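Consider the two complexes below, in which chain A is the common component and chain B and chain C are the respective partners.
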Partner chain A sequence: MNHIVPSHVETLEPIKPKIWQRWREPLVGYGLILPSLWIFLVFYYGPALFLLYISFFHWSIFQNRSSFVGLHNFVILFHQPIFWQSLLNTGYFVVAVVPVTTLLAIALALLLREAAGLRKGKVAQTLVFLPHVTPVVATSIIWVWIFNPNFGLANVVLHLLHLPSLLWLSSVHWALPSVMIYTIWHSLGLYTVLFLAGLATIPKHVLEAAQVDGARGWLTFRRVLWPLVSPITFFVIVLASITTMQTFSQIYTLTGGPHGGAGGPAFSTTTDSLLIYQTAFLYLHFSLASAMSLILFVLILGLTLIQKLIADRFVFYR
Partner chain B sequence: MKRTILVYLLRVFVASLFAMPVYWVFVIATSYHGAAYQLPPVWRPLFHWKPLVFVWTHTPWARYVFNSVFITATTIVFVVVTSAFAGYALAEIKFPGNTLYFYAMLGVMMLPQQALLVPQYVLMYHLHLLNSYAGLIIPFGASTSGIFLFRQFFLKLPVSYREVARIEGVSTLTYLRRVAIPLARPAVATTVLLTFISSWNQFQWPLIMTNSPSLQPIELALSHYMQAYQSNWRDLTSAALIALSPILIVFAFTQRHIVSAVAGGDVGQKE
Partner chain C sequence: MSIITVQNLHKNFGGTHVLDDINFQVAEGEFLTIVGPSGCGKSTLLRILAGLERQTEGHVTINGRIVDHEPPYLRNVGMVFQNYALYPHMTVFDNLAFGMMARRVPRPEIRKRVVEVANLLGIEQFLAEKPKILSGGQRQRVAMGRALVRDPVIFLMDEPLSNLDALLRERMRMELRHLHEKLHIPTIYVTHDQTEAMTLADRIAVMKDGKVLQVGTPEQVYHEPQTEFVAKFLGSPPMNIVPVDIAHNRILPVNEPGYVTTLPDRPDLSKISRVSSVSLGFRPEAVKFVAPSHDDLKIPMLVDAIETLGARYHVHGHWGRTPLTVVMNEYRPLKRGQSLVCAIPWHQLHWFNHETESRLPKLATEPFTNLVGSPL
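Our next item is the complex of A and B:
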């Protein structure tokens, strides 16, 4: 390409660029990042800082008066049993959903990967991924029907397996597990595809070498595949924890409507994000809701950091 | 051989398990009244389109669909433009703060969305953006993954293209519009698809930031409808089908692209 550039261009070089010309390039750069930078600062970083501020003030959106109350909001919060209940529910939700999702995703990825020599794997992969792109409210409708105690599919399946039928979303013990089932159905495709991508990057010769050495089935998985996909496993666990901790839409739609206010029955599905929503936008306690938000913020950040530390120790990077 | 058949059967089982609920929306929506209460359940669609037409004409779904289409389309345009601009700046232009901006942009992904809703609501209140299309569009007008995608793509463009453009005296904007963005078509396609899905499926943000029915996107309208028509399953699933169809149609034609975009471009590239 270089020979096309006429030689006299080089003779222009020694001319000293003016101030404007020296700053021309950076200015264009700033102009180009400005639109997105503005959105990030105003709608994301700004609110994050503002959150710190309102958590420590007694503050209302409809008044201009606000007074510094220190940790008062947190003290009130810690005396609310429902706050602890919501943390417990969130913990239960995350601890149940994340390991199940991760294990199922690995299993599905192994089942669907190309190596078995079947072309139909692509279709199955697409169908497993499909729920992930569906709108939550639209598919929640059919799941409310599936979980219906009288004529829903869930109890039909239990009946076929000769198990006692359940009240599902209307039961204090089974409402949250029902939401878990929906959540796993909705998100498993994403994690499966991430594992499939990880498996696809494993070089063929590594697997062949293992085979020559006599590794079969479980041994191949334990000694070859598992260590090689462990960075992806770590990524999936972090991503799944952060997303499940913030689950909102399916809890709101599955437990609302026919079963009274969302979060029921008897607060058994009130997780932290639902409680924040209700405290702020139904009861208009903005200060309490921001104190809760700050706790959630710190929890999620802490979780990410802890997982990073663990990963640095135990994950085998290639 | 036996193992191959077993793997095949397992795959069919898993695939149908995941597709079943979506299929059932269709079955109940086009079935006879009361089919939802049948035991054992109805399996085959009857293709009765009357209930769907009834639901469409007796509730302002056209309005909600318009809202969703308008919000989604505008968001997509915003995201593609801001992502291409910032991605280009990060990849090709050296300016002080370049790296800082890169990390600031990635940092946005670390901010937990649920924890930000309360201060964001207060901000929207003070900016007079509650109950407006602008309030549903502008905050989503920039996307970290979009910027990252365009940056990766522009890094691969030969430097000589830009050199030639500079020598010819073409401005950066013209170069972007006429050369760089048309060349980055795969990045544009991926950004459009991913933004379409996330924007169409938007629920919590409009739930909090709007209360006027004339602005509601379809997901929000659907959740109100759900509370009003609790046990009228045929009408409910018909309405759900209206919200689902655009996603299903787009997914049917672009599934390979979407899957590989989500997986970071590793899955779909074979074959």
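Our next item is the complex of A and C:
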């Protein structure tokens, strides 16, 4: 008889790992993420938590004059008409910019999709994306000239369309819409490319099946394309809402300069983030500005959560 | 009356000919399979019929109407895609209903048809589900249902079973055939699987390199293949084809005089003196090992290997340098290197022109005058 298995089989003692062996792997892991974690904590969460802290203080750059005031900063804010005005302006800005940007982006993406992969398609895609990579401050200055009531391009276009010319950035009613136009121009490329990427993931056969099924343009879009890019739409809406709520640079550059202090005329372009900037760095009320930032943060968080709730009913994830 | 007529159809992609002068018809209630290796243009042909692709030249007639320039939504064809292409975000019900919605069929009518078809295909319990949770076979049924529900003029199927496992594929094949016998909707079925093509079809069209090589009933294409390619493509294991020289009453593989064998003693063969550039073909299952008659061609084969398939055995060997495969229904002990005499009845032999690879009439009845001459 062959002895394949030895007649005496010993049970092996489980090897006890030494302390350093047990800790080696996690230590290496944490060691590797530490550099970026450190930057994240010091420059990201640190200031954010500090902001939370000082919003409950009457805080001065000179520490010895700071004192805890509880919710007093918020009470002050709620009694300031300009604060409410800034929230209203921000709301108007978001409500106008986000839907227009989203719809324009998907329309452009549908157009560009036809030529995707072709040379002209790539050129068009680049042209659409180009504004987004330009620096906001630099192009804002160009747009100040475009919006010039006397010799700007904007009024030339209106004139060609036989429409009355506008005062644009100098008008209480048109200053914020002017900023909106610039914002849409600047951000459209990014969202278009996002939609293009979304459209590219739709299986070709599904669209062909719709064709054979007898669906055409609008029906195919509404019942097949649109639901299938709904995750992208949701992402675009959230991203656009957050960035427009935080809009600062173009307002500062477009409405400042020749028109005096930014946010004018008559506070018509004073959004929340502009007011935060002015309160903190012009009037040096850091604790008030912090309280405002906190409110803006809560508003953005709230809006995003609401959007998420709505989206859960409509967004289709494959 | 034919439902679909394809005339002189050509398709070029850039400089390459994908389809080259395609002609065929599908009659009312007929099941036509188009079979060929991948890249032969069969899917492109189907897409042209559906209107998803435009032909370069030629005409497609559906129901007596030339549809060359008609987009898909005007053609009322039902198509089943290889990967099903279900709408992933819709329920099974909506997947089925979408085509009728696009055609503005009233809601109660849609409901009725969808339920009808779902019952027919046995997917009624999934109507409220999304395709994601369905198995391959169930998705397959939904895809069929989607094409069926609109009452299409013709069914186009692009390798619909190729994503299923072998067992399920066999079952779906049977079901497809039953469904066709029940509904009689004319069907064009594209596949690369010769078993599917043979079992499903009323007629088969064999394609290669953008050309239709032969159209006929499964029996016709199997028993009278018009080219060597058709002969080899249909049937498993494929037909043995050996280029041979014939002189007087002797036959041998080209340039291998050591393997000569005698032709059967037939009175009609006496007029042959010398033939070359001809290929001899015979199916592996046509070979007999017992009781050869005087009418059989007897080929000496050297055995290389035996494959056991259970019910039968595949014997691989060679005649000269040409590899052969024959099917044996009863086991007999064979050794590597052993000589085995394969007897093939005269009427089971196929003859092909070696140069053009096209079928030649029976060797006995025609003297092959055009091939006579080259000295052995």
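Here are some notes:
Just so we're on the same page, the second predicted complex is superposed on the first by the 292 of 318 C-alpha atoms of A that agree within 3 Å, B and C clash if a C-alpha of one lies under 4 Å from a C-alpha of the other, contacts with A are read in each partner's own complex, and residues count from 1 in each chain.
In this text, a contact is a pair of C-beta atoms (placed from the backbone, for glycine too) under 8 Å apart; a residue touches a chain by one contact, two chains touch by 3 or more.
Just so you know, these numbers come straight off a predicted model, no measurement behind them.
Once both complexes are superposed on chain A, the partners chain B and chain C fit side by side without clashing. In the superposed model, A:Val212 makes contact with chain C only, not with chain B. With both structures placed on the common chain, the touch criterion links A:Pro203 to chain C but leaves chain B unconnected.
In the superposed pair of complexes, A:Val136 makes contact with chain B only, with no contact to chain C. Of the two partner chains placed by the overlay, only chain C lies in contact with A:Pro227; chain B stays clear of it.
In the superposed model, A:Ile276 lies in contact with chain B only, and not with chain C. Residue by residue along chain A, chain B and chain C are tallied for touches, and B comes out ahead. Aligning both complexes on chain A leaves chain B and chain C separated at their closest CA atoms by 12 Å.
Judged by the document's definition of touching, no chain A residue lies at the interface with chain B and also at the interface with chain C.
Within the complex, the chain B residues that touch chain A are 4, 7-8, 10-12, 14-16, 18-19, 21-22, 24-25, 28, 36-41, 81-83, 85-86, 88-90, 93-98, 101, 104-105, 108, 110-123, 125, 138-139, 141-142, 147, 158, 160, 163-164, 167, 172, 197, 200-201, 203-204, 207-208, 218-220, 222-223, 226-227, 230-231, 233, 236-237, 239-241, 243-244, 247-248, 251, 255-256, 258-259, 262-264, 266-267, 270-271.
Considering their complex, residues 203, 205-206, 208-216, 219, 223-224, 227-228, 230, 316, 318 of chain A touch chain C. Chain contact summary for the complex, chain A toward chain B: residues 1-2, 4-5, 9, 25-26, 28-30, 32-33, 35-37, 39-40, 42-48, 50-51, 54, 61, 108, 111-112, 114, 116-118, 120-131, 133-146, 150-151, 153, 156, 185, 188-190, 193-194, 196-198, 200-201, 242, 245-246, 248-249, 252-253, 256-258, 272-273, 276-277, 280-281, 286, 289-290, 293-294, 296-297, 300-301, 304. Considering their complex, residues 50-52, 71-73, 76-79, 81-83, 85-90, 98-99, 101-103, 132, 146, 150 of chain C touch chain A.
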